[in-house]
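I have placed the structure first, in the form of structure tokens, so that the comments after it can refer back to it.
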Amino acid sequence: MTAAFDLILRHCRVATASDVFEADIGIRDGRIASIGLALPPGHREIDVAGRVVTPGGVDAHCHLDQPMAPPVQMADNFETGTRSAACGGTTTVMPFAAQQRGSGLRAAVQDYHARSEGQAYVDYAFHLIVNDPTEAVLETELPALIREGYTSFKVYMTYEDQKLDDGQILDVLDISRRHGAMTMLHAENSDCIEWLTRRLEARGRTAPRYHAHARPMLVEREATHRAIALAELVDVPILIVHVSGREAVEQIRWARGQGLSIYAETCPQYLFLTAESLGMDECYEGAKCVCSPPPRDKANQEVIWNGLNDGLFNVFSSDHAPFRYDGMEGKHPEGEQVAFRHIPNGIPGIETRMPLLYSEGVLGGRISLEKFVELTATGPAKAYGLHPKKGSISIGADADLVIWDERELTLSNAMLHHAVDYTPYEGMKLKAWPGMTLSRGEVVWDGKAFTAPKGRGRFLRCGRPSLRPMRHLAEAA
Amino acid sequence: MTAAFDLILRHCRVATASDVFEADIGIRDGRIASIGLALPPGHREIDVAGRVVTPGGVDAHCHLDQPMAPPVQMADNFETGTRSAACGGTTTVMPFAAQQRGSGLRAAVQDYHARSEGQAYVDYAFHLIVNDPTEAVLETELPALIREGYTSFKVYMTYEDQKLDDGQILDVLDISRRHGAMTMLHAENSDCIEWLTRRLEARGRTAPRYHAHARPMLVEREATHRAIALAELVDVPILIVHVSGREAVEQIRWARGQGLSIYAETCPQYLFLTAESLGMDECYEGAKCVCSPPPRDKANQEVIWNGLNDGLFNVFSSDHAPFRYDGMEGKHPEGEQVAFRHIPNGIPGIETRMPLLYSEGVLGGRISLEKFVELTATGPAKAYGLHPKKGSISIGADADLVIWDERELTLSNAMLHHAVDYTPYEGMKLKAWPGMTLSRGEVVWDGKAFTAPKGRGRFLRCGRPSLRPMRHLAEAA
Amino acid sequence: MTAAFDLILRHCRVATASDVFEADIGIRDGRIASIGLALPPGHREIDVAGRVVTPGGVDAHCHLDQPMAPPVQMADNFETGTRSAACGGTTTVMPFAAQQRGSGLRAAVQDYHARSEGQAYVDYAFHLIVNDPTEAVLETELPALIREGYTSFKVYMTYEDQKLDDGQILDVLDISRRHGAMTMLHAENSDCIEWLTRRLEARGRTAPRYHAHARPMLVEREATHRAIALAELVDVPILIVHVSGREAVEQIRWARGQGLSIYAETCPQYLFLTAESLGMDECYEGAKCVCSPPPRDKANQEVIWNGLNDGLFNVFSSDHAPFRYDGMEGKHPEGEQVAFRHIPNGIPGIETRMPLLYSEGVLGGRISLEKFVELTATGPAKAYGLHPKKGSISIGADADLVIWDERELTLSNAMLHHAVDYTPYEGMKLKAWPGMTLSRGEVVWDGKAFTAPKGRGRFLRCGRPSLRPMRHLAEAA
Amino acid sequence: MTAAFDLILRHCRVATASDVFEADIGIRDGRIASIGLALPPGHREIDVAGRVVTPGGVDAHCHLDQPMAPPVQMADNFETGTRSAACGGTTTVMPFAAQQRGSGLRAAVQDYHARSEGQAYVDYAFHLIVNDPTEAVLETELPALIREGYTSFKVYMTYEDQKLDDGQILDVLDISRRHGAMTMLHAENSDCIEWLTRRLEARGRTAPRYHAHARPMLVEREATHRAIALAELVDVPILIVHVSGREAVEQIRWARGQGLSIYAETCPQYLFLTAESLGMDECYEGAKCVCSPPPRDKANQEVIWNGLNDGLFNVFSSDHAPFRYDGMEGKHPEGEQVAFRHIPNGIPGIETRMPLLYSEGVLGGRISLEKFVELTATGPAKAYGLHPKKGSISIGADADLVIWDERELTLSNAMLHHAVDYTPYEGMKLKAWPGMTLSRGEVVWDGKAFTAPKGRGRFLRCGRPSLRPMRHLAEAA
């Protein structure tokens, strides 16, 4: 008698975004074939012994091997990045194919495929970054790419070399509306940041901590309000990425109350770091926590927790942006420190995202297990058209699964599998870590060693966002 | 070879509160034993042929056989009420054991068991109604009843013979906090209603339509704000029942933004009826739509739809309150009409609740199928401690299931199985109706006939609400 | 040649609620007859030498010789109270003729005239307190009294022996609407306070500081929202007295944004005291700062300052409630302290109200001189129908004037002229004090001595409130 | 015996921003010397016979003889503009010296003096328009000009040839903060307008009515929020001009509640016109009502009325922008209509501003007489440093006065004294008109004829804004 399944996980405590229950999970051809009690035997069996099993994480905001202006470069490529992801329980990553100004989006996508092909350990899809929305990009490339499975794109309201003006954003939103894609917005007011930065520099305030002074909350609040207004004008859903605290949350909450489809993402740095993490004047270590928007304070952390619980956020991402700390030092002959303006924005976190939220959120009693699944897997998969293939423990879904070990540990960068030389959470006490990660039914991380062959990860074409029914949109203007 | 399952539903389009997927469902001993592809054979098999299968509904707010002051009486008892529920896709009902003033809660519970024992066709749990929170009730009866599985109770802020004052509500909330129960509040300002009613009566405005004039939105808004303040003071979650429109929604939204655990229910009458349904001055038919709060207007319906989509509401109930229309007439010798003050408050809806929302919400493109499941089944089951036994398609859950027939039909009271002589939705065009309802694996409604034996319904003990982790509550005051 | 004026103030820096300018003020028959440059000579002349001259203050919320339940009694009667007022720059007081339950309003007014007749040093009007709104009171007494010049009345939402229920408040508001009067509301939720008080007492927390614990801000916020809802229902302006901080302010601000005529008063205690003024557990001195609502914290003080500047408040009163500290002690044989529940609510402040706001507000650079005049004189006179006879430096107005000495001084109770044995502001550094107060052209306080004959103060009949045009009110219900 | 006064107005009903009273007004050397009863005789006497006398209006937002890009030109220069102003009760105008890009501010001021010198009938001050904030402008010209009495400047957030980006606005605000000036902002999002305009044009929607479609309320709301954020960042008061309705009002109200000094102006067009005034598709007459922001609807008019009453607005201006209707036609050979994009933005209103508000506001029972004075005269004079010389009936103030004739009349352009060939209010029934206007004690309009010599109007240097005490500003960043 042949085995009914290639693999069975026995005695799971299965957690979906809506339910938690005891069952075996039967896997066939890399997919979940059955969930049930006393399933018939599998070719291979693993006894989970009552541990929690969640869908593998979908990290819908991370940066891997993205071309940067020299000398800055990203430490993680698809190989190290997806390895790190898998060891942290994430089985789908969505990095960005970023258009270069003066070049097309198609070229960016081709380049990014070249960078990822044969490199990844787990599956991946691409978001696009629209940096130069020419008519060709808008009318030809984007519609074609959307049809081909690149259904989400990010636009920046800040960063001199990336930001779009409001008119360009409207153009992108209009494409998104007409072709059923999802626009992600980085909402910070560029001019305000530049203006503050110059003033700080004029006073010699260039230590890492002044990064936070140059990007106060109102700078994010303003851009958030503006992003909402632009989406309202075009009458299209948007998703605001890496929301950091109260003032931005209030704008989104207001918009939702008006019936607008404004979605929102937040990240671990807004739960576990504060502006104090950027250090004092003399301290350069704070450069390790430079990200944008910057971390805020304890009161804002509470607002973010509340938003996670309350349904304001539907996506919890890492915004993994891997820059080596020694690289930052390396740029300074004679040990001179880089002014905060030149510190690459972003921190690593692709591996720590899920354990941090599981430890502090679920085991810390702040969110339910179902909410954890929704935020780390189901929500992002729905937002970007990967559900139910990804982010779901359901029949037919890819057998991307995490088995959680609940045990005390102290986080250190030595444990991690990225190519960055630090973690901003060094020394933090955690209560859980993935004991095993499966990708399409294959064990890629067994809690001790990384076991997957390079290049097994597959590219994923995304469908339409499925957050809520796309209502019939009235003709604008 | 013995069959692996008592019953298999083949080729289901399974919908949970988080996922939709194709699978067979295998049932054993009244519970869901397996969900999967190509499950081994069952003792009995039903080919669902790709139709949608959702969890059986949990109607967490309905009134059955509740003792009333004569001559008013409820038309539905547990027999007719649960029959009607089942034919509309609802497999769990939660009516109210209402304390009589001067009597205890225990007595109410005993009486209600006597009324339900051997009568019900589907399973049922009891909410309590606390009308007289004496020290004995608070300190002795309630804690004991909570331990025994009566973990939710409603209090009224209006109705002369039921309302509690703010101090009494605080006492009840405090018990709820200390013993982990859920308090439901009917939020309308009693004094305002009485004051307006007298003025209307003084002007001869007694037709049914003036019921809505006597209960304007601000009357509900005020009580909602007050309920929130009382819950905030005690630091305990509450659930506000039958929210009718914008002003109340705004209060709840504000509270949620403050981090308060304020949950909310709404009902079909706030989506499908308006104050105009109460008719004009000469018209007595409007009495069929008299409920409290009254239906509002189209703009408020949109606010309610938005709240359903947005996560503001976690429970969608019928507030089934079965009073016969001829009974209302019957009280008037010589055909004189009853003044609106004397029309029993409430409308029937236990059977129409789910088909209305499925037709207009899911098939009308207003909410997703997952959201439908959450609102009609999973959400109420979690709110009142019945999850995952009820309200869930997951392994080990009771096999309470609905198979949906998507077809056009015109609603008429003749189709319904309650003992009320009208439906407020008479003549409405629907796009779906339950083609089959299963309760614990037994077909109770096959789309044409009601097939279950009386008394098969079982009483359910409720556990703790599981809406979000119960945070460590600081000592009040 | 006869003198053109009885009295001339030369070289004034005149401040009205809208303008500040240099001029002489000519007074004839107790009224302002001319304001101008180089006025012709007066019978008597005072050279003000460029000092600021404002209208005499109108203290629209103070308690004098009000009958209390023994053994509590008020320290100030009309004699000491109006003397203290005058020395602090206040020339019109508006204490309360309080109805006793079971008795009528007319009787209260007659009694209060008996208490004031021949006693007062400056002019006075009466607010009424409606404690028992019987039909006779509502339909007969109140309309008659309004016609006779008692056009404002306070109702309490707290205090067991004074509070009205919502229905009674609606009745009073309706009278106010129909007859053009102004209702003042003390907005705190009575049941919440009682509930918290009992819990505190059960834990032995009876020191004065727990007075603030028993009346947290939400208790005021809730009642403020309710008061607004009641006024909205009746469609009539109201004035909420002694607003203490942010949460109540936000409710009022919301109401104003909706177009509702909600007026508001605040008091010095919400600018200059905090809950810490109530002391620590062992400290009984804190009893000197027990008032309701209690003082809050620094952040709330800022909200109140902002509301003063921004136009949210139109009345700044003392809420002078004169109880002797040794009286509080006297009630305790063997030195036992009174539990906070029994400490009479209220603090003295009739004399310090204006100097405190002038020092800290005007000279502290927080509010303009015009705003000072509006808040202390013109605003209250308009709110209660005494303008422009009172609260105004304009032609024909009563020559009630204050000449301000700007000089440093340290406040001590020894300086004050009330009959209370303490001031809560003992030791505070001030920058100004009235150098001279005139009432109807007579100097009653010359900066050193009180010079007026007892009984010179006259009773004032009030007209309609003149805050904004009374819009045509639609028929309610 | 010489007359004490050059002129006396007898029996005035004097209205200031705080008080209304009966008095004579004595004028000497063009200033108010005395206000009083039975003043001694004047050289000339006018018996006002109890009519209302208000301060002459200060129109703080009007455009006269401003250089425009050909072929557009302004119909009114200082001669016709100030004549029209005077006949409508306005005695001080504040038009704009607009910087040309590539040129300096000093040059603009000199040019504007050349245009106004010897032309004006009443007094005038200059606002500046900063169109090109170069370092020379910011660091040299602006500080010098502020010292010389040009203490307010407008910046545009829209109009291609005038708009500043956010960084430039921050620079201007910073100058305003450091030198104590007032920045006025035209708040509309330029990109949104351009984007919508192009779409409308692409569909052939070029009739005047589409002007309103291209500038929906959210476009104003967004820019208002952004303006507030920029002011908050710099920590400086600003004044938002021509606020048109609810969404912008809500932003300002929110800011005020946060303690921010955000001031606001509105105009007659937002009280008396609606988007329907722009006509239907075939109608070109609607071009007469094209202004920016466009008029909204009745509900928004109510919000504006409420803001006037409530203190949200402190300035009520005309935004007089005089373009001839036949000029608009003249540009089209063969009668072709100009697309809305090319219609000059702005409508005439310098003469109708005060009569409209007096008729509909004061006599229509919507605002008090004091509020009328504050909005039309005292408020703008304070906002721009002209108080108390202007906008005030007080001793020493310029004798700029209006005597109001309350009588029924029908407005027609034939009555008006501007050089524009239409009024948008043609045919409107009014209840009052200035019966006499005095400027510095001279009658310039006697209700029938304009009587002043050209060139008598004087240039006014402005001081610091005096809206509220300038609080000590913390160092930004």
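Every chain is named by a letter (A, B, C and D) in the order it is written, and numbering of its residues begins at 1.
As a convention for this text, a residue touches a chain if its C-beta (ideal position, glycine included) is under 8 Å from a C-beta of that chain, and two chains touch if they have at least 3 such contacts.
Computed from a predicted model, the values in this text were never measured in an experiment.
**Q** Tell me, which chains sit next to both chain C and chain D?
**A** Under the touch definition, chain C and chain D have no mutual neighbours whatsoever.
**Q** How many links in the shortest chain of touching chains run from chain A to chain C?
**A** 2
**Q** Counting in whole Å, what is the centre-to-centre distance of chain B and chain C, each centre being its mean C-alpha position?
**A** 51
**Q** Would you mind pulling out the distance in Å between where the CA atoms of chain B average out and where those of chain D do?
**A** The computed centroid separation for chain B versus chain D comes out at 58 Å.
**Q** Using CA atom averages as chain centres, what separation in Å is found between chain A and chain B?
**A** Whole-Å distance between the two chain centres: 39.
**Q** Going through chain B residue by residue, note those that touch at least 2 other chains and give them in order.
**A** none
**Q** Any two chains that touch count here, so list every such pair.
**A** Between chains, contact exists in these pairs: A-B, A-D, B-C, C-D.
**Q** What residues on chain A touch chain D, complex-wise?
**A** Per the touch definition, chain A meets chain D at residues 165-167, 170-171, 189-192, 194-196, 199-200, 205, 213-214, 216, 218-219, 221-222, 225-226, 229-230, 232-233, 476-477.
**Q** Quick one: which bits of chain D touch chain C in the complex? Just the residue numbers, please.
**A** On the chain D side, the touching residues are 14, 16-23, 26, 28, 33-40, 249-250, 253, 256-257, 259, 302-303, 306, 309-311, 365-368, 370-371, 373-374, 378, 387-388, 392-397, 466, 468-472.
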